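Chain nomenclature is as follows: A, B, C and D, assigned in order of appearance, with residue numbering initiated at 1 for each chain independently.
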Amino acid sequence: MAYLTSEPVALGPLLESVQSPSRGGVACFLGTVRNHHGGREVLRLDYSAYAPMAEAELARIVAEAESRWDVAVAVRHRIGSLEIGDAAVAVAVAAGHRDESFVACRFVIEEVKRRVPIWKKEYFADGTVEWVGAAGQRGSGAVV
Amino acid sequence: MAYLTSEPVALGPLLESVQSPSRGGVACFLGTVRNHHGGREVLRLDYSAYAPMAEAELARIVAEAESRWDVAVAVRHRIGSLEIGDAAVAVAVAAGHRDESFVACRFVIEEVKRRVPIWKKEYFADGTVEWVGAAGQRGSGAVV
Amino acid sequence: MRVLLFASYAETLGFDSVEMTLDSPATVGDALERLRGLPGGENLPPRPLCALNLSQATVNDPLSGGDELAVLPPLAGG
Amino acid sequence: MRVLLFASYAETLGFDSVEMTLDSPATVGDALERLRGLPGGENLPPRPLCALNLSQATVNDPLSGGDELAVLPPLAGG
């Protein structure tokens, strides 16, 4: 149960956890906080989660990916206050065949965005603060 | 001219070279040496290259990806003697939108395999030594 | 049963957790109707995303005493 | 002009670089024919991948004095 973390997220530990001598390809994705959204300058983001459900959904996504493809999956999502450039989410998928690693990595990040109860509050340079998606915006921010 | 290297290859330096505050998604691929090929146990691989052409092709692939999509691309390919688990090739692609980062990352690794003059010699546990692809084998090994 | 609110919904209603007692049999929809009667509750969308005991739920799902119902604003992870 | 061989082709012919003089006008195909006449050259495939001055070439491409022609076994990078 360490899919959510308030510590910085990096690919290194995820790579180490999925690599093995029989798996020759690792596809990864790192989503970081961008300095703009909808044409406005963003200063920082606060991520919050319904933590027990987020952990459960992330575990289900990993299990689904590992049952659909012959892959090993690692994923982490950071919560708390993030600065521009900070990594919010990291995914690493190791496979014997690179096609599977790419397909499964894409699946994981899409499902994370679609299913995991995480929200982000954007702090704009103009002083406004908005929950992403709350006012009919398209969900955006770090992973885009 | 640092696409080929005889030093260990890792994603970290590539990530740093492509990330920027305006690019929120980075897709990566790491191809490592597997311990098997065609049902036989592999002990290690020797990679060699037609270095000036390999550098030129890698530069062309990067330029093509960066002109087709709004992305920043980094790629490294190791040559020399590699052990099981060593990374042979690493690709990192940063983009404003994750779809572009995945598509461009996949493009780069496919073109690397298709166009870059690099060869590998496999040393099998049974004592045999073979050039991959030379005897009508499918090219395989690290990236699969 | 306990009802949890998150992010913009918690701000709109001014709380993030409330103990709620509904006449049985009750559904997720009944709990949402009760929330809509509270100050700020009129801002909830017609069909908000809900989770019952950590799994996604629909308005017709039945509720019982020990349940945890979460009302979830549009997800924005990643 | 210089002809370079790599990997399995260099092993098959026993050298990785040779200076070659061909009657002009000459093509990539002429250089390949000359290679095929050398010991081990009969093992070259009918249409090996070739590069002329670092770009992929075809058998009909013309050659001139300062050219670098490389004969490339099936690529196996990655």
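Assume a contact is a pair of C-beta atoms (placed from the backbone, for glycine too) under 8 Å apart; a residue touches a chain by one contact, two chains touch by 3 or more.
The model shown is predicted, which means the values in this text are computed figures rather than measured ones.
Asker: Leaving out subunit B, how do the leftover chains split into contact groups?
Answerer: A, C | D
Asker: State the chain with the largest centre-to-centre distance from subunit A, centres being mean CA positions.
Answerer: Centroid comparison gives D as the farthest chain from subunit A.
Asker: Round to the nearest whole Å and give the separation of the Cα centres of subunit C and subunit D.
Answerer: Computed value for the inter-centroid distance: 73 Å.
Asker: How many angstrom lie between the centres of subunit A and subunit D, each centre taken as the mean Cα position?
Answerer: Once rounded, the distance between the two centres reads 49 Å.
Asker: Round to the nearest whole Å and give the separation of the Cα centres of subunit A and subunit C.
Answerer: Here subunit A and subunit C have centroids separated by 26 Å.
Asker: At least two other chains touched by the same residue of subunit D: list those residues.
Answerer: There are none in subunit D.
Asker: For subunit A, which residues are shared contacts with two or more other chains?
Answerer: In subunit A, 31, 109, 141-143 touch at least two other chains.
Asker: Which pairs of chains touch one another in this structure?
Answerer: A-B, A-C, B-D
Asker: Write out the stretch or stretches of subunit B touching subunit D in their complex.
Answerer: Within the complex, subunit B touches subunit D at residues 31, 47-50, 52-54, 56, 77, 88-89, 109, 112-121, 131-134, 139-143.
Asker: If you look only at subunit A, which of its residues touch subunit B in the complex?
Answerer: Touching subunit B from subunit A are residues 11-12, 15, 19, 21-36, 84-85, 96-98, 101-102, 105-106, 109, 141-144.
Asker: Under the touch definition given earlier, write down the residues of subunit D that touch subunit B in their complex.
Answerer: For subunit D paired with subunit B, touching residues are 4, 6-8, 11, 51, 54-56, 70, 72-78.
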